[in-house]
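First the structure, then my questions, so here it is.
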Amino acid sequence: MSGHGYETGRLNLPFVGIATFGKRPYVADWDRIEADVAVMGAPFDFGTQFRAGARFGPRAVREASTLFSFGHAGAYDHEDDATYLGGDVRIVDIGDADIVHTDTETSHANIEAGVRAMLAAGALPVVIGGDHSINIPCIRAFEGQGPIHILQIDAHLDFVDIRHGVVHGHGNPMRRAAERPHVTGITALGIRNVSSTAKDGYDAARAMGGDFLSVRQVRKLGTDAVLARIPKGARLYVTIDIDGFCPSIAPGTGTPSHGGFLYYEVLEILQAAAEAHDIVGIDLVEVAPDYDHSGSTAILAAQVLLNFLGFIFHARQQRG
Amino acid sequence: MSGHGYETGRLNLPFVGIATFGKRPYVADWDRIEADVAVMGAPFDFGTQFRAGARFGPRAVREASTLFSFGHAGAYDHEDDATYLGGDVRIVDIGDADIVHTDTETSHANIEAGVRAMLAAGALPVVIGGDHSINIPCIRAFEGQGPIHILQIDAHLDFVDIRHGVVHGHGNPMRRAAERPHVTGITALGIRNVSSTAKDGYDAARAMGGDFLSVRQVRKLGTDAVLARIPKGARLYVTIDIDGFCPSIAPGTGTPSHGGFLYYEVLEILQAAAEAHDIVGIDLVEVAPDYDHSGSTAILAAQVLLNFLGFIFHARQQRG
Amino acid sequence: MSGHGYETGRLNLPFVGIATFGKRPYVADWDRIEADVAVMGAPFDFGTQFRAGARFGPRAVREASTLFSFGHAGAYDHEDDATYLGGDVRIVDIGDADIVHTDTETSHANIEAGVRAMLAAGALPVVIGGDHSINIPCIRAFEGQGPIHILQIDAHLDFVDIRHGVVHGHGNPMRRAAERPHVTGITALGIRNVSSTAKDGYDAARAMGGDFLSVRQVRKLGTDAVLARIPKGARLYVTIDIDGFCPSIAPGTGTPSHGGFLYYEVLEILQAAAEAHDIVGIDLVEVAPDYDHSGSTAILAAQVLLNFLGFIFHARQQRG
Amino acid sequence: MSGHGYETGRLNLPFVGIATFGKRPYVADWDRIEADVAVMGAPFDFGTQFRAGARFGPRAVREASTLFSFGHAGAYDHEDDATYLGGDVRIVDIGDADIVHTDTETSHANIEAGVRAMLAAGALPVVIGGDHSINIPCIRAFEGQGPIHILQIDAHLDFVDIRHGVVHGHGNPMRRAAERPHVTGITALGIRNVSSTAKDGYDAARAMGGDFLSVRQVRKLGTDAVLARIPKGARLYVTIDIDGFCPSIAPGTGTPSHGGFLYYEVLEILQAAAEAHDIVGIDLVEVAPDYDHSGSTAILAAQVLLNFLGFIFHARQQRG
Amino acid sequence: MSGHGYETGRLNLPFVGIATFGKRPYVADWDRIEADVAVMGAPFDFGTQFRAGARFGPRAVREASTLFSFGHAGAYDHEDDATYLGGDVRIVDIGDADIVHTDTETSHANIEAGVRAMLAAGALPVVIGGDHSINIPCIRAFEGQGPIHILQIDAHLDFVDIRHGVVHGHGNPMRRAAERPHVTGITALGIRNVSSTAKDGYDAARAMGGDFLSVRQVRKLGTDAVLARIPKGARLYVTIDIDGFCPSIAPGTGTPSHGGFLYYEVLEILQAAAEAHDIVGIDLVEVAPDYDHSGSTAILAAQVLLNFLGFIFHARQQRG
Amino acid sequence: MSGHGYETGRLNLPFVGIATFGKRPYVADWDRIEADVAVMGAPFDFGTQFRAGARFGPRAVREASTLFSFGHAGAYDHEDDATYLGGDVRIVDIGDADIVHTDTETSHANIEAGVRAMLAAGALPVVIGGDHSINIPCIRAFEGQGPIHILQIDAHLDFVDIRHGVVHGHGNPMRRAAERPHVTGITALGIRNVSSTAKDGYDAARAMGGDFLSVRQVRKLGTDAVLARIPKGARLYVTIDIDGFCPSIAPGTGTPSHGGFLYYEVLEILQAAAEAHDIVGIDLVEVAPDYDHSGSTAILAAQVLLNFLGFIFHARQQRG
C-alpha cells in the first residue's frame, strides 16, 4: 500500500500492515487499473465436491504473500543471480470479484467481469480462487483475446461434461475450456488417482486433443521434455490447482490427493514455461486455509505466484 | 446398528462402531421407514455468507451422538428421575439428502423429498444441517400437514426477503416460512447483534406477526413467560441454529455471534415446549465442525437433540 | 474499501474483499486522515511474559470485523431499536504502526506517532494491539490533549514499576499511565487472580489513586454503581485487554485467566460509559489469534469495538 | 527448580525453564520427599470410554502452571487481601507414577505406591491424571490413614459396579471408593446428563449413602448449603474431574458434558471446603490437552489446583 | 450403503451420507457376510507407548474413504489404463470389533473373532486399527488357514519379546507373529531410527529369520529387488503401520519417525506384491486422526487401502 | 531424571515423567555441570520478523525428545549396526537462559553466560532456541576458545548488517559471526528463495569468505562434495535453523520456506561432519511449536539433535 513501503522510511516487516497481495497497492476502481499485473480474488467455493473453504483462499494467500514482501528493491535469488520483481514491475491488488451465495452463475459472471477489466487495462490477470470452477469464467473472459493454450497443474483432470445437471462445478472446468474455440489445447500435469472424472471423461479429453501426464510421468520425462509437448509459440494461460502439489506441502485444500508434485518440480516447469512462452493469464485455486493451521499451503501458493511472476517479467526483459 | 448393540452382548463403547445418529439403525430405503423418529442429514452449505463447512455437520453430529449412546435401557436422568428414550422409542437414521454442488434448487428439492418421506412414514422428522437455508425445504415439506408454528432458536432473524436475487440463502428462511399459509406464526429466541437482516427485515417480521426476543429479553422473562408467547395448542416445528448458543460452547459455526444462550437456557425452553406442545418437526443447523477441534459444538448439538427427543416422547407418554 | 461497497451495486458478503477494519477505506497517508474514527494496528508483542502472537491481532480483528460489515445503511439493533454506525460516521483504517524487531523503544515511538496523527486529524483513535505495552505510547500521545481518565478492562492490574530493568513490558502500562500528569485516574475492572503485579504493585496503585474491581465485585455492584466510580465528566480513554473476558470466549490470548467477564457484562459497561462520558481514545489488546482456531476471540474483539463505536456516536448524536 | 528462581536473581518469566508443577523442585527419590505438598502425575488413560489423551494431562498441567509461577513472595489476591503460597509452603514435584501399557493393574499399583510415598512423607498428596480410574489406587493408598470423606466434582457419577468384567475403568471409581471401609461418604457435585452410570448405579449410590447434586441443584442451594451436606469435621479427599466444569472452559477432556460448572462456582466451594475441613488428598483428572489447542483446559486445572492449595494452607495458618 | 448409490439416481457426493468404508454396505450380522472383501475396525489403543488416539482410526479412515467413493463404475486410473474395483468386487463394512476398556485380552479376543468371521465367510479381511497390537489377534485368527508370510510396512521393528510383563503391546506384534508356526517369515520395510525394540530384539528377529530393510535400503534396492526377498508363491499377509510413511504425509500417528516412505514408494511395492502373491489379509494401523487436522493421514490410509484392494482384484482377474 | 530411569526398575514410557531433554538429569547449578553434553534452552523470540512462538521451542523439543528416550542401554541403529549414546555419554539439561521481555541485549547476555558455563565445564554446549538471533550470544561465548568454522543449515542467509538500527535480530546472526575474529569461515547450506537478506548481504557474505549453497546445489553436489568445502581439521560449530528443512516436515516455524531439505539429506551431512570434524557447539533454532499441532517439527528437532549427538560421540570413540 503506497505511502507505507520500505522506501518511504518504514521497516515494514511482513506481519505489519494491511494484507493486500505482496503488500502492493489496492485499486478499488476497476476502470483505473494501471499495472503490469493485476491480482484479483475469486472467493467462490460452491463448486466443491468434498471440503469447502476455498472462499478464504484469497485472504489467506494475500496474508501469506506478505512474508515475501520486504520493501527492498526486488527479490534477489542467489541461485539464478537475478533480482526479480524490481521496482519496474507494477503489481496491483484489485480486491475480489463479488460473490452471491447460492448463485453460481451470477458469481461466475462477476469473476468474468473482473478478468475482462484486467485484460482491458493491459495487465496480466492473476486470479486467486476459490475452487477450480472459477477457471470457467476466467477462460470465458479471454474470448476475443486471441488463441490460448492452457497449462494445468492439478491432481484431477476436471473434464466432466455434465452430471446431474452440473456443468459449472469444480470437476468441469477443463471440459468447458476445451469446448471454447479460443482454447487451442490443454496440457495437464500431475493428474493421478481416482477423481470425479470417470473413464469417459479421459476418453473425451484425449479425443478433444488434451494431453495429460501423471506426476510420475512428468518425473520420468523431465522438465524439458514436458515443455516440449506444449506447442511452440503458444500463448499460455496457466491454471494451478494447489492439489496438484503433494498434501505434504498443501494439506489445506478440499480434495487432497497423495503423490503430488514437490515444490521445485512445479517451479522449474513454470520457470521454463515463462522463458519459452508468453504467459497471458494465471489462476491459482483450491487453497482452503482453515484445513492447514500451519499456513504452509497458503505460503506455498504465495511463493509459487510471486516466483512465477518474477520469472515472467525477467523473461520478458531478457527477450527485450 | 442392530445386531451390535449392548443388548446383544457387546459393551459397545461410544468410540466403537459405525457412526449413525445415536448408533441407531440405518434405513436406506425411504419407502420402508418404520420409526417414531427419523433423522436425516442435509449437508448443504452454499447458502452461507461467511464461513462454510456446515456440510460436515451431519457426520459430526452423528459421531458426537455416539458419546451419549450407551446400549443401556434408556438414559436415566437423576434430576428428573426419569429414563428417557427407552427401548420403546424407535429412532432410525435415514442417511442424507442428496446434494448437488452449484445447484441450490435441486439440493433443496432433495431435502424436501426426504422430509416428505419421513412424514409419510409417520415419523417425527429430525433434519441435521447444513446451513439454515435447509429449513426452507423442510418447511415446504410440511405443506398439507396442517398448520404449524415455528419456534426458532437463533442469533439471527433470517428474515431477508430478497437481495441480489437471493431468496434461498441462509439469511432468508424465516421470511420464506412466514410467507407459507401453513405457517401460523414464528417465535424467534436469541436474536441479537448485527446480522444480514436489516431494519426493513425486522419491520417486515413484525408486520407479518413474528415475535422475536433477544437473549437478554428471554433471560429477563424466564422460561414460562417465553413459552406463554406461543399460542396454546400450536403444533410446533422447532428450528435450532447452533449460533443461537454462545460461541463459548458453539464456536464451530459459520457466523458466530457473542452473547448467546447457555446450555440449560435452551434445554429448559425445549423441555417446556415438549411438555406444552406437540412437536412435529425439528431441524438443527449451522454446525461447522472443522472450526471446533474440541468437538464441543457437535457434542452440544447431539446433547440437545437427544435430550429434546427424550423430553418429547416422555411428554407424549405422560399425556398418554 | 470505497468503490466496492454495497451501495455501489455489490452484495459484498463478509468473506469477500480486502480485510480492512469493517471494510472501511484504507488511508495510507497519515497527513490526510479525514474521519470521525481512525483505526490503527500496533502489532507489537515483545512485551509479553507468556505466549506471544498478539502481533497478528490487528490482521485477525480486521478479518473478523468483516463479518459485521454488511454494506447496509448502518447496523440495526432490535433491542435498542437503534441503527448504529450509519453512513454519517466516517471510519477509516490507517494501517499499522511500523514495528522494529528487537527494538521496543522505536516500535513504541512509531505507535505514538500514529496516535498523534489520528489526534491531529480530529479522529477518535482506535488502536488494535499487540500486547498491552502498546498502551504506553498511546497514553503518551495524549499528552497535551487535556486530562483523561482511564477505564481499563483487564484480568491483570499491569501496575509493575520496574523489574529487571523492564519498564515498558505488558505488565507496566498502568503504572506508566499513572505517572503521567494528564492521566487523572484509572478505573480497572476485571482484575483477578495471580499476575505479574505483586502486592507492592497493588499498594502503589491504591496509593496513586487507582480503583480496581474484580469480576465478582463488578457483578455484585452492577453496571450503574461501577460507572458511578468514574468521576463525572471525565474524558475517558478505554483500554480493553481481551483477557479481561473469560477464556471461554477469549481463549486466543497470551495470558488467559479464568473467571473473566462475559460478553454483555462488558458491553453494558461500555454502553453506559459511552452515554455518560466523552470517549477520547480506545485500545484493544492481547488478541493472539493463532491460539484460537475457531476465531471466537477475534470475533469478540471486532464485535466489542464495532458496538462500542456505535454506542459512542449514537450517544454523541443524542447529546446533539 | 532451585537455583533458578526469582530470588536468586533471575526474572524467571513463565515461559522460561523446565516445566515442573509451579516450577517447584523436582524430587526423584521418593524416599526423600520433604514437603508440605507433593505433586505426582498419573498419566494413565486406558480406562477411558470415549476420547483418550489424558496421559498427557500431567505434562500439560505442569506447563500451564508455570503461567502462575512468578518467583515472587507468594501470590497476592486483592479480593481476599491475602498472599497465598508464600515461601513457607514447601511444594515439590515428584514426577509421574510408572505406567505400563496394556496393563491396568500394574499401572494402578504404581500410582498407589506413589501416593503411599507422599503420605509416608507427611506431604499432602496431589495427583494429576490421567483418567478418573486413577482415583481408585489413590483411595486405596489412604487405607490405614483414618477415615475420609470424598468430595467429587464431576459431570458423571462414576458409580458403575462391573460391566463386561471392567471394575477399574473411569466409570467405576466412586463405586470402588464407596466399598472401602475407610471411605465414610461421598458428596458428588455437578452430576448431570447421561453417562455410563445407569439407573441401577444411581440407586446403588443412594443406597450406599452417596449424596449427589447436579449443577443446577448446586446453584439453587448455594455454596453454604452445599457445604453443609458434608459431615462436620470430615477429613476431605477431593477428586476433581475436569469435565465437572463447562466445556466452554474445559473442552480438552475425554467425555465433555455441557452445562457444567463455571470457574468461581467450583473455586468458592473449594475455598469453603478448605476453611471448614482438613483436606487430606487431591486428584484432578481427565485433562486431555490435545483436544484444546488454546490451552484453556490445562490452565483451568493449574489455576484451580494452585488456588486450592493456597486456600488450604491459608486456612491451616488461620486455624493456627 | 445400498439404495443410495450413484446407480440409483443420486449424485452421492463424497461429503454426503453415512461414512462406511468406501460407502459400501454395512453388514451387522457377522454370520451373513457375503463379500470378496470385508472391512472391520479394531479401535483399540491401550497398547501405545506415546500418543494414544488410534481408537478413532477406523472412523477417520472410513470418512476419508468417502472422498474416493464416487458411485461410478469403478475407479479409472489413466496411468495403468485400468478400472479398479468395478461392480464385480463386493466390499462390505462389518463395523468394529467390540473393545473393552482396561482389558487388553478381551479386546484382542473380540478382534480375533471378527477376523475369523471374515475368513469363515471367504472374504479378504481388512482390519483398520487401532494400534499395532491389534495385529496380534489378526495373526492368531489365521491359525489353521495355511502358512502365511508377513509383509510389514513400518518405522519400527515391533519385535520386543516381553518388558515389564507386557507381551501384547504395540511393540510386540512381530515377535508374537514370529512365534506362530503358521507364520513362515516376515519381511519388514521402512525400519529406521530408535524404537522400543532394543538390540536384542533385532538380534532375535535376525535369528528367527526376519528380514528387515530401512527406507534408504529399500530405495537403493528398488521395488523388484525388494520383492525378490519374499519367497515365491508365499501367501502374503500385509500389515501397514502408517508410521512407515514419512510424517510429512502421515503426521497423525502415535509415534512418528522422520525419514519414512513417500506415497508411491509403498504403493508400488503393494502393487508388485499384489501381482506376484496371493494377498490373504491386510491390516492398517496407528492412524491417530486427532493429531492431524488436515486429514492427510486418514486420506493416505484410505487411498492406500482402496488402491491396494484394486490391485489385488485386478491381479486376480489377470491371473484368471 | 536420575532415580526414575529404566535401569532403576521403571518401564519409563515416553509419555511418563518430567520433560527434560532426553529425560536426562536436570542441573540447576551452572557451576556444577559434570557432563559430556549440556543442553540449554534459549527461549527468546523478539528477533523474529514474521511469526513469533519460538520461545516455546525448548519446552517442545524437550517433550518431543522423550519419544526417543527409552531407558535402554543406548539407541541401537540397525542401518549402522551401532549403538549410540550408551551409558558412557553423560548428557545433562541445565534448563533455560533467563529471558527479559522487551530487552534483547540482557536476554542475549544471559544466553552467552549459559554457553560460557557449559564451555567452562568442558561440556559440548547444545542450545535450543528461540529464534536465530540467539546464535549471536552463542558465538560470542566461543571467544577465546580457539578458532571455529560455522556450518549453517538454513533457508535464509541471515547476513543483514544493520537495518533500522537492528543488528541483533534473526536476520543478522551470520553477519555478526563473520565479523568475529575467532570465526574462520561459514558454510551455509539450504539457502533459497527470498529472505530478509538483500543482494548487498549476499555480496558481503561472498566478500567475507562465506560459502553458501541452495538445497538444489547441495543435492547436485552430494554429501561428500559438500563436506569437502569445509576446511580440513576445522573445529565446527553447527547452527541448525529448522526452516532449513522442508515445511512438509517442519511447518512449525516462523518463516517457512518451501523447497527445503528432507530428513536424511541433513542427517547424512551431520553424520559426515561428525566423522570428519571436531564438533564444538550446536544450536537448533526457530521451532515454533504452536504452529504445528501434529508435533512433527519438534519431533524432527529432537531426532536430529539426538542422532547428531550419537554420531559425534560415536566418532569420538572411533577416533579413540
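Letters A, B, C, D, E and F mark the chains as written, and numbering starts fresh at 1 in each.
Just so it is clear, a contact is a pair of C-beta atoms (placed from the backbone, for glycine too) under 8 Å apart; a residue touches a chain by one contact, two chains touch by 3 or more.
Everything quoted here is computed from the prediction, not taken from an experiment.
Contacts with chain B and chain F are shared by A, C, D, E.
Within the contact network of the assembly, the step distance from chain A to chain E comes to 1.
Annotation, chain B versus chain C: rotation angle of 120 degrees from the Cα superposition, expressed as a multiple of 5. Note on chain placement: the centre of chain D and the centre of chain F lie 39 Å apart, centres being C-alpha means. Rounded to whole angstrom, the centroid-to-centroid distance between chain B and chain D, based on C-alpha atoms, equals 37 Å. Between the CA-based centres of chain A and chain D the separation comes to 54 Å, rounded to the whole angstrom.
Along chain B, residues 11, 13, 15, 49, 51, 55-56, 100-101, 164, 166, 246, 248-249, 290-291, 293 each make contact with two or more other chains. Of all possible chain pairs, those that touch are A-B, A-C, A-E, A-F, B-C, B-D, B-E, C-D, C-F, D-E, D-F, E-F.
Contact residues on chain C toward chain A in their complex (touch as defined above): 1-4, 10-13, 15-20, 26, 28-29, 41, 43, 55-56, 59, 62-63, 93, 95-101, 290, 293. Interface residues of chain A, counted against chain E in their complex, comprise 49-51, 157, 163-164, 166, 191-194, 196, 198-199, 202, 212, 214, 216-217, 246-249, 251-252, 255-259, 291-293. Contact residues of chain B toward chain A in the complex are 45-49, 51-53, 55-56, 100-104, 106, 133, 164-166, 168-170, 290-291.
For chain B in complex with chain D, the residues that touch the partner chain are 11, 13-15, 67-68, 70, 72-73, 75-79, 83, 246, 248-249, 262-264, 267, 293-296, 299-300, 303, 306-307.
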